[in-house]
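For reference, chains read A, B, C and D in written order, and residue numbers begin at 1 within each chain.
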């Protein structure tokens, strides 16, 4: 079970800021595949991975990073701070 | 007749901050030659021109610049502002 | 090091008056302030979303790197989230070092990293509706000079 | 543009609170403050001599160049002369522009030029006597990047 969080337009497309996801996905990419298969809104939010970033337990990571031991996964567009 | 000004260690070596100089020197370098010939303290102050800078009427200039029409000549070491 | 992520406005003048004081090794203080700009003349407000927890950690990591690389005597980052209007101050960075080059470079490094690596997202609201601000290629490119 | 050459101390915080405000085109403000540093631990005071008249003109020329090159919305230079002690603020520069790169570059340009082209001379007084501060090759070299 992981906590999945969404920010900015990813949050808007999914329709909620966070949810508990029961998954055995080995990597972030595998988790994305599972989410995409769920409902249209997920397919839309995850349609272009190059427009997305991911953080695992609040650290930036790659989509091929393993999920073992991870408690919090966050998806969001490229940051626009400053 | 030009007003000649000295700053920082040039001023200290010459012993005064400014003086009126009656000269027909064509260039700054010619004026420096005249001053050097005056007294030891001028010879010391102007011993190394590479350690000096010159301004003509408050604009940085070269030692071969003409003095025609110039009212104020200033000699000083490289600046250390900021 | 002082890192603050907050909704409230801050006072640049008051922050800088107190910054880097009383350290005989500080010869240079650089500050940057980011302000909401009304680019096209129709901006009503900007809303900044952030990732509580990760934001503070990400900024602290950037500041640690800058402090080590440029030997900073002191550093400050304040970044706001929430609703801001044109003219409002969004964020500030300040760095204190022995020499000007270190203070300038550290502040630019922090700005480049905050732009593209701190988890903030800006949304603009105007007469024509709202839209998320896109990340700029030039901001991503700016990071490469610190490699 | 605001250029001040003065003997009195100034208040960086108060100056910056008022700087670059109320202009919808200002997205970035950068400031630099130079402080007397007690390098070897024996500095009693620093005395800064300047060339009244030329100083103001030279700085105004630098600020004009920076404003044109980086499209500055506002700029401020304050530089003191006279006696200063460790920890005292010597001078400050502030620049306001649309974007951060312009504001940073303009401030660095002004600092590089003030260091080597504004007619100020520093003399340090300590337990071992006094000496004029030598110009540094690296400061002269820093100018070449703006050619």
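Quick notes
Throughout what follows, a residue touches a chain if its C-beta (ideal position, glycine included) is under 8 Å from a C-beta of that chain, and two chains touch if they have at least 3 such contacts.
Please read all numbers here as calculations on a predicted model, not as lab measurements.
If chain C is left out, touch-linked groups of the remaining chains read A | B, D.
Chain B and chain C have Cα centroids separated by 48 Å.
In this assembly, the C-alpha centroid of chain A lies 26 Å from the C-alpha centroid of chain C. Averaged C-alpha coordinates give centres for chain C and chain D that are 23 Å from one another. Of all residues in chain D, those touching 2 or more other chains are 34, 100, 111, listed in ascending order. For chain A, the set of residues that touch two or more other chains comprises 82. Chain pairs that touch one another: A-C, B-D, C-D. On the chain C side of its complex with chain D, the touching residues are 11-17, 20-22, 24-38, 41, 86-87, 98, 100-101, 103-104, 107-108, 111, 142. For chain D in complex with chain B, the touching residues are 34, 49, 51, 53-54, 57-58, 79, 90-91, 111, 114-123, 132-135, 140.
Per the touch definition, chain B reaches chain D in the complex via residues 5, 7-9, 11, 55, 58-60, 74, 76-82.
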